[in-house]
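Structures given as structure tokens follow.
Both complexes shown next keep chain A, but they swap its partner, so chain B is in the first and chain C is in the second.
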Partner chain A sequence: MVKGLFSPGMLPLISISSRTTLDTPTGSWRYMRPLYQDRTPPCQDGCPAGEKVQGYLDLAKKRKFNEAWRLIVEDNPLPAVMGRVCYHPCESACNRKDYDEAINIHAVERFLGDSALAQGLELEPASGGERGEHIAVVGSGPAGLSAAYQLARRGYPVTVFEALASPGGVLRAGIPPYRLPRPILDREIGRLQALGVEFRTGIRVGVDLRWEELQRYQAIFLAVGLSRTRPFPVEGARLKGFYSGLEFLRDFNQGHKVRVGARVAVIGGGNVAIDVARTARRLGAEEVSLISLEPKGELPAHPEELEQARREGIRLLDGRGVRRIQGRNSWVEALEVARVDFQGRDPVTGAVAFTFRKGKGMLIPVETVIAAIGQEADLSFLPQEIRGGGWLLPVDDHGRLRDTNIFAGGDVVTGPARAVDAIGAGKRAALAIHSYLQGVLLEEAKLPPVVPYERLNLAYFIPAKRAESRSLPIRERLAGFTEVESGLSQGMVRLEAERCMSCGVCNGCDNCWLFCPDLAISRKARERGAYVINYDYCKGCGICVEECPRTAMALEEEVQWRR
Partner chain B sequence: MEKVILSSHAVAYAVKLCRAQVITAFPITPQTAIIEKLAEFCATGELRARFIKVESEHSGMAALIGASSAGSRTFTATSSQGLALMHEVLHWAAGARLPIVMVNGNRALGPPWNLGPEHTDSLSQRDTGWLQFYCESGQEAIDTVIQAYRVAEEVLLPVIVALDGYYLTHTTEPIDIPEEAVVDEYLPPYHPKHKLDVADPKAFGGFAGPELYMEFRYKMFQAMEEAQRVAAKADLDFRRLFGRGYGLVDPYRLEDAELALVAAGTLASTAREVVDARRGLGEKVGLLRIRLFRPFPRAEVRQALARVSKVAVIDRAISFGHEGIVSQELKAALYGGEHRPLIYGFVAGLGGRDVTPEDLEEALDRAGKEGPEEEVLWLGIRL
Partner chain C sequence: MARDKALKLLNTRDPALKGLLEVPEEEYMYSGHNACPGCGAAQAMRFVLKALGNQTINVLAASCWSGIAGVFPYSALKIPVLHTAFETAAAAASGVRASLDMQGDKETVVLAWAGDGGTFDIGLQALSGAGERNEDILYVCYDNEAYMNTGVHRSSATPYLAWTATTPVIHPQDRPKKDILAIMAAHRIPYAATASVAFPHDLIEKAGKAKGIRGTRFLHIYSPCTPGWRYSPELGIKIARLAVESKVFPLYEVEGGERYTLSYRPRAVPVREYLRLQGRFDHLREEEIGLIQEEVDRRWERLLRWCT
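What follows is the complex of A and B.
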């Protein structure tokens, strides 16, 4: 035994430090530094309204349904409505779809919206106090409602002008009640009134109110959508029994008497055409044909809508055009349909390019023809110098008409788009108007990079089936306008929220804390953001970053060694 | 309480009686019935232990190293390739002085792929610093596991309790399951002097340079030497409380024997029958069963064979390039003694081939000749 190193008998049984390991600050070995750094989840990136989907799924998971709803209404004042009508691009973006199935986000949103309505939760103004500038919003569709809400909660007095008798725009005049029961829409709009938004309905600007009279407002937001039917350029369009889809839906949705024959042909391949066809089925039509220029797989309608239409017995005649409408005694009698070569559609104007193929067409006997071939903006109420010469309103990057206090958003700017695009447009316009009125620079909302599926650590996920809402049996559907989708129960919503992989956002899963070999990570509670890295001991091994299931951590060079 | 049960289940009962706190499990034939029974005990709550399903035997042992370092009583069972995979951490467990108890279901190593009983798997872990017991019966298995904890926790070294695959793991016999209260009296709770403790963080297994390393190893050597005395005492105490004991080696009719068979494990039961048969013919033969292989009970072995002139070792193992492993150990032990009988080293029963009474008769006949015909004698080889 070496003398002097230790006294005899002092050597322990095993090599063990005599004092705490905290005496050795191993952090000095580190040249890479782990840190918590949230990324953008793809759902949020995919949502045009910018809903913080991961955030509200996480809250729903913890039964904090009201907080979850508050998070949604930061970006969208109509969760119960949008949970029903939105075509949920968030779900198409969801990383989980590459693992098993996307999260049923829209069903969770709908549940949260309904739950808030059931409890009578009210929208709350953001802090900042009341402001003096009065703002006019023309049009009460999703863009107008969204902008009115975002402005009202920032303290601005807002007046919304609506040409129809009730507010809602396309949500009321377009979308049929089997997709959106009207009490839901009424109550979510009612909540905007409670927040202080003034609605003046039955006022068509340019007819009931002169354009000049809007000049007394400090800012104007134009969200008039696409309210005019595109003319159907085919012989026979003046016969009785021929309708435009927009008018058909508008009349029906306003409670006017609408009749269809036993055999109905709907012309068009978009979502409006499907709404028309499914409405016609419910009004008693026995045979409904959907005639689209686009071949199957290229129809602009959402695949889920197409599938529902198919299940309701609607026949799809794709890749076909209408040559003429045949009449007898001024009533529609039949439709001559022929195969076409479809060449494309202008996404803005909706103009289509196609040629009929050679050969004889097919004669389809029908009593009713409804053309849903697209809409266009009616800008006639605007002075020429404002509206310009195009189909749509010419605005700058912030939705402002050059050198004016007039802003515009929604379909009237983009051409036909989804309701959620309009919600996003309204939100952005409100921010632009706010910046304009306050004379401050508009801040670009810069989100961190999106987490792709490949960056997830899949070892930490277990396949789980997507919770699906039940849909009404076909026979019950066709008996009236009862809502088709039943939504999810609270239990199912929680299970569905549990499936969220929380891409790029720390949700307190404890993996980093568990794996750290130096015990350099501590946590105060199982709460988001509660982890602290003690850099005195972290050696920078990167295990925490590697084992983070969701890329909510990053490893950075401690010192930039190279210039 | 007496029950007719599998020896594998007997092992599980022993672990339950010893109140193991952490058990790791990775299935491998022929030990799987042990961890299955333990899983059942844990699931029903009969045994309040943390049962960890691991992704490999290496992880299984590594997890026990952690658990034992934190002061838990730990258990796992493995076999053959699984034990071989653990090899690296076996050294660590011993060097860290952790009283882990593990059962090995002895099984041949591949290739050729084989599931039959053979001792090469555990005997080749000879130098890892683990104690090794070889059992002959289910009763001995349950009792040895209980003794193993007692010895391990006193000398602070890990223990392998080896059971012949199938012959033992898969056979049933009436087994007396000891009373819980008596086991508690025999085996006090484990309270190590040093343990992982978040309230008192310390580094374990740190670096020791050449100026210190050898001393740690010397302490392990001393602990192994001490283990012979501790194991003998543990067996005596066990006999006092339960009325059964086995000794470190198990001599049979050796008092006046001229020729002794030496074997480990279940082979000894067959050897006993052959010894009785030859005794009936008036031949002076006996048997020495090796129960404790590490530490090797040199003194007991020398004493037991002090009067025989010939020894026939039946090894169910082979060290390629030399000979049967028990034979090798025996020779080394006897060389240091004063009496050096002639040793016939037989290799038999590899890969689970039956070693029949006829085989042992042949061994005795060949050992009757004037000196071994070769250095290593193979029994029943067919070429």
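What follows is the complex of A and C.
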């Protein structure tokens, strides 16, 4: 107030306001109410393990790498492994792919996993104390490891049975080391041991341990995957020089001597076939052909894997089938390959339907033939009444075999799927087992709706190139089994995390605060990362909601709130 | 050639590139003011005062803001406000400046604040006089392109072919919008600039720059009006942003009446996208939208020539 104008006993020279508009609570004008309402980012929705991708990208952006890692291991105990081997459905779901390029999420996850390993971070049990019920997990692939971890951190003693000499399942016996260096796998599994998970390896249930002996456990989780090769129904499969893809990889990955000829034909169009082809190339095969029934573009293999195979000089013969394998002196000599009409694949059994076209086939001279045409479950160790009559284990919505304490998950339930599907299956099974043992109702995780690309306010984003990790030159790759991808540096990881649009989750960008014409949003009093709206003065114009770049706000009818 | 040179001079600053300028935390406005929900004029005042600070006297001509600032005995601003008549913002501000000068106060900023009616039409001679004398004031025109407070009546800031209560659909505005910045530049005042509430960082930066300059400074702020332009209130910032992106309202500065500098490179959105969000343009036919596009493009090319 101006001095002198309010002298005692004097009227001011002109009329002067003595009060502020804070006396007039204009919130009463409002008929729409803005509110902060986080939604589900598409990356999290796209991740079968339910990783909170936006959350750890945001932490990585702020250099909080350890906190970011802790957030990942809530849902997945193997970030360094999965950052390498996962086919990252999160990136296919990422909204940024419609703007410029998807965030390189798997590279960030890998960096966080490696950084935690380098620092020796350990998995920590969740609060809740120790529990008495002992649980058996059969199979130590991604589903078994994930379930064992989730149960162990909830305080349960867990014993994992593995038929092979060391744990890891398909991660160890299937995936070649140029995609997953073994020390990484060993150390992330070692961390589960440190958490208290007991591994009993070299024990095949039904052979080394009777099924009945598992009955002393309070719950059993079956995650045996698909361990048996589907028989190759073509003449000549008994010749020397013919292998099945699964056994080929298993033998090689266990350090057994594996030899291939100079010319190798790999039959199959899936990811295993590509692993086999790339491994054969590294074992010295000069000509590797990949023969798939599916035409190009319909191959079940991940496009990135296919591209890497192409770069390594692997020839794709798509839309073709093998009529017979020609032998000489009981050794493989050539393949007869002909064009086919591909009619489809059964997603559960993996069985394919196709017909050969008329006309002469092509004879390809080869020394080695490896068929990677799919796997099936080996359920012979289970009593008939448990395994049922099907290809896979019949379970209810919660992964439980009817009226038993036996649960199952992973490929043995779903048929061939990705490692990350198994991580998610293991997590869900652990929750189901926990609910079953404690006699509590299984809480269904209800996520808010997913934010589609169209709901973002693109005015607030700038195009930025995706950071790609470098891959090894072809010559160095073929010289051995050195890891192909080099990963991202810390600086690149931060830049990549900066690109995240944080779809549906407030990341404190200030837009709502900045544009409010009524000064009704305060940013000093942020609560849980959000701001506070003063409804005494908010007139409900909705600008904050409209200008939120990421749809972390909503506008609702005021009437609902007045009732 | 000239055009290429001008394009090189473009500052590619983007609203998403925050951090170039931290928005000051301090507020000099109170909640509870009388602006309509989503009012651009309220945002304009809030941003300008964040740059000027509390050592500011606001001389407020009759306008929407006369009501927004609160009816007696209320005030919506934390700084002194002198309400004055429609045509007198620049003249009254000159007087306040003279009084401060006599008291030896060179620090206090005198902020003349008027709408487009009070600037483009009614207050133009007072503004011209102040500019010609190079009075040490900062004059802000918040432009909502009509006399909104009196009931959406056309002003000389109303854009070509727009609907207002006095330019109905059967006879929409038939003259182009007056180029107020060119008029002010012709006075050779030290600083004149356009700004938009959709680009608060740019706006606050320009107000701060104006604060540091002596003499007459003029800010022309694009300020959307929900009832007058007939759009849903949440769209105000979007419309203001599209006005800039479609080159309808380019952001630029004029120093010393001659040096033109573009502040932002528009993304060249077709004017149709800007027009279709507003009820005041609902009646436009395709060929009329084409006319507006031509006019906008012509003015943009002219501005680029000046920017060399």
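Following the convention adopted for this analysis, the second predicted complex is superposed on the first by the 536 of 563 C-alpha atoms of A that agree within 3 Å, B and C clash if a C-alpha of one lies under 4 Å from a C-alpha of the other, contacts with A are read in each partner's own complex, and residues count from 1 in each chain.
The rule is short, and it goes like this: a contact is a pair of C-beta atoms (placed from the backbone, for glycine too) under 8 Å apart; a residue touches a chain by one contact, two chains touch by 3 or more.
As the structure is a computational prediction, the values presented were derived from the model and not from experiment.
Legend: residue contacts after superposition of the two complexes on their common chain; A:V207 is shown touching neither chain B nor chain C. By the document's definition of touching, both partners, chain B and chain C, reach A:L519.
Shared-chain residue A:K539: touches chain C; no touch with chain B. When both complexes are overlaid on chain A, the residue A:L13 reaches chain B alone and has no touch with chain C. More residues of chain A lie in contact with C than with the other chain of the pair chain B and chain C.
In the superposition on chain A, A:A126 contacts neither chain B nor chain C. In the superposition on chain A, A:P25 makes contact with chain C only, while chain B stays out of contact range. In the superposed model, A:A351 lies in contact with neither chain B nor chain C. In the superposed model, A:L35 lies in contact with neither chain B nor chain C.
When the two complexes are superposed on chain A, the residues of chain A that touch both chain B and chain C are 2, 15-22, 24, 519. For chain B in complex with chain A, the residues that touch the partner chain are 95-97, 156, 193-194, 200-208, 211-212, 215-216, 219. Within the complex formed with chain C, the chain A residues making contact are 2, 15-26, 29-30, 459-462, 509-510, 514-515, 517-520, 524, 534, 536-537, 539-543, 545-547, 555. Note for the complex: chain C touches chain A at residues 14-18, 23, 25, 27, 29-40, 42-43, 46, 70, 72-76, 80-81, 197, 200, 226, 232-238, 241. Put simply, chain A touches chain B in their complex at residues 1-2, 5, 11-22, 24, 519.
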